[in-house]
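Shared chain: subunit A. Partners: subunit B in the first complex, subunit C in the second.
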Partner chain A sequence: MSATREPPSALKEPVLDMAAREALAELLLGVADDEFVIGFWDSEWTGIAPMLEEDVATSSIAQDEIGHARALYELLADLTDDDADRIAFGREPDAYRHAALLNHARGDWAFSVARRWLYESADAVRLTALASSSWEPLAQLATKMRREETYHRLHADAWLRRLADAAPDVRGRLSGALTRLWPDAQDVFAPLATEEELVRGGYLPEPMRALHASWQHAALPVLELITGSLPAAEPSIDGRTRRTEDFAWLHGQFTMVARSEEGASW
Partner chain B sequence: MTERVWEVFRQEDEGDPMIHSGNVNAADEELAMHYAREMYGRRGESHRLWIVARDAITELDDPDLLKPPFDRSHKKPGGYIIKHKLEAAKARAGSEAGE
Partner chain C sequence: MVNAAAVDRREQRVWAALAEIADPEIPAISLVDLGVIGEVTVDADRIHVELLPTFVGCPAIEVMRARIGERLGELAIADRVEVEVSFATPWTSERISDVGRERLRQCGFAPPVMTDELGVLPIAECPYCGSRNTTLDNPFGPTLCRAIYHCADCRQPFEQFKRV
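And now, the complex of A and B:
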């Protein structure tokens, strides 16, 4: 991640105090890790997606997500005087802060479509909020990301509808995956330790519980047409800290090259 | 899922001709649009794409119509030598304009 880029935009902004920086760092890390981890999970489809065209599409979307993660890690690195590569590849599995939704292995195609749809729909609500963040560099980046995420959502919608309208066995797999992922999907909106500071400063324009309610309001009617009634679910306090064996495996994969020659420039 | 073939035409910049780029397989128009975008537009190389179901295209490839057996040289401009006539016409126009 050493390509040329503009001078750290954070420096052009009014100076943030320590508490604000800490809060923004927590917020950025969660969003960045979400994009990073789903990008790696979905890139597991490269070469084996249901058809060639879909293979290219899925791989390209996965790459887009890694690109978003990169931009977010760079923003975070500017803010905390760190290095984007180190943040992305230099942490132990326990230090990642993605939502529990992204702890699961790729699964079958229906499972990946189910997760992608849950994530994209939640991410859309979050990005809309971040686009009006009082911290301009984040607002700008979120606005830019939304342009690409709109297309990702259309793609996820297209597949969700197709699998939902397919033969009972396919529909059953989709429904099963959505039901299984439903509790962990809430955790895209898991509360943050610094949330009070984030909301007070307008860095996060609405608290997570409000974003969560908007997402459920929009997503539930679509999901319940497929799954039938879903249990009441709320984000959990450890929604961004609990980790799984699946993720430990993925972590081993995506840090493999970086670990092979520490500090090398690519 | 029954796949259909969709032909993709690409325009590089506004006003450029739409040029046939290739095709994609897709179950329907919506996925065809996604795949065309990935195959022919993901690097920012396209200003516009046209995505057309191959079975919606009327094809004409009958040699009796396109390559008729009789001499067609009289339908080509090369069959006429108009160089001298053209020069004379130009000269006439020039002299008239000069008067």
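And now, the complex of A and C:
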């Protein structure tokens, strides 16, 4: 245990054994990296969104997501006796564990709207499950995050509707982006190596395949109104380990300051 | 050993000091009226304050933490001051006190509109003229906790403290 930090609420919980810690660490890292990476992709729109309101909205959403990532990295750091900044900025690109959905560059506005909708709808299913995690610190944080994500979902829903009802060119771009991202979107629910332990301990109240089924059940009818029939798709084993050139570029951007002065605190 | 009455008096001093600390983003309202102070424990050798962020990613949290540490340190009634950021009790709009809601209004912020559901209703009461003939311009504003509205009656843009 780190002696320099004040006691985080995690340490007041019953002691977790090694297997439970490892499992929770894997779960937390995936969720935190998802929020962190989508937050940085969103921030790419600051100043160049199609309208002023969206400059403000995407920047605000990005700040929310990176704030969520920070809180999750701090829980993880307490659990593994590590440092949240090191976890966030001190890894090589292939050590990140975000879902393949978040590997792609931001693309055009329709592409960003498509990804945000896919991510928000999946994240909502996952957060609902995490809010009843048997590990209190995670359940508490997920409960708080859910209230904020309500605004993100409204934003994503409003833009999906708006582009779907727009001129054929716009609708075509949206439909194309949704179809292209559909396979990688499944990987928000990619199986975890420690999943059996997570479910047994109630840390993750339902297995990923059950959450995946709930998400598809809710998302497909909305999506297929826009895209027409989508191919059957399942999460893949390497859904959180595949990395791309796009992500390597983003990683270079978001670690730039940390790399410029190693070990500095801010 | 410290007797119960003395602890009580020390706790009162802590709360009084906290009530003097202004919110870094909206200085008209104190941290206590904003509802971000959770449980306060005063022991023989330490003061423990639970800080409940309005939004998880609120960048003002570190400033609040520092100000609380500094102000309570000045009281010199305990060796240590601990400020713990906590989500055990989620901050919700209901935690803003009546005084806090009035202060928000006075400095041009519409307080959050209360409904049974968390539904984000595009309703706000203009803090300038009291009209409800207002429209939501953007549910995202200059800080995480603020939305932007426009009043159709007095033609004034204004911000609302978001409901969460």
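In the analysis below, the second predicted complex is superposed on the first by the 259 of 266 C-alpha atoms of A that agree within 3 Å, B and C clash if a C-alpha of one lies under 4 Å from a C-alpha of the other, contacts with A are read in each partner's own complex, and residues count from 1 in each chain.
FYI, a residue touches a chain if its C-beta (ideal position, glycine included) is under 8 Å from a C-beta of that chain, and two chains touch if they have at least 3 such contacts.
Because the structure is a prediction, the values reported are computed rather than measured.
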item: Partners on subunit A (subunit B, subunit C) - clash or fit; value: clash
item: First (subunit B), second (subunit C), both or neither touched by A:162; value: first
item: A:144 touches, of subunit B and subunit C: first, second, both or neither?; value: second
item: First (subunit B), second (subunit C), both or neither touched by A:56; value: both
item: Per-residue contact with subunit A, leading partner among subunit C and subunit B; value: C
item: Which of subunit B and subunit C A:15 touches, first, second, both or neither; value: neither
item: Touched partner set for A:66, first subunit B, second subunit C, both or neither; value: second
item: Partner chain(s) touched by A:264 [first = subunit B, second = subunit C, both, neither]; value: neither
item: Footprint overlap on subunit A, comparing subunit B with subunit C; value: 53, 56-57, 60, 151, 154-155
item: Touch list for subunit B against partner subunit A, complex; value: 1, 3, 24-27, 30-31, 34-35, 37-39, 42
item: Residues of subunit A defined as touching subunit C within the complex; value: 6-9, 53, 56-57, 59-61, 63-68, 70-71, 136-137, 140-141, 143-145, 147-148, 150-151, 154-155
item: Subunit C to subunit A touching residues, read off their complex; value: 53, 55-59, 82-84, 86-88, 90-92, 118, 120, 137-142, 144, 148, 162, 164
item: Subunit A to subunit B touching residues, read off their complex; value: 51-54, 56-57, 60, 151, 154-155, 158, 162, 166
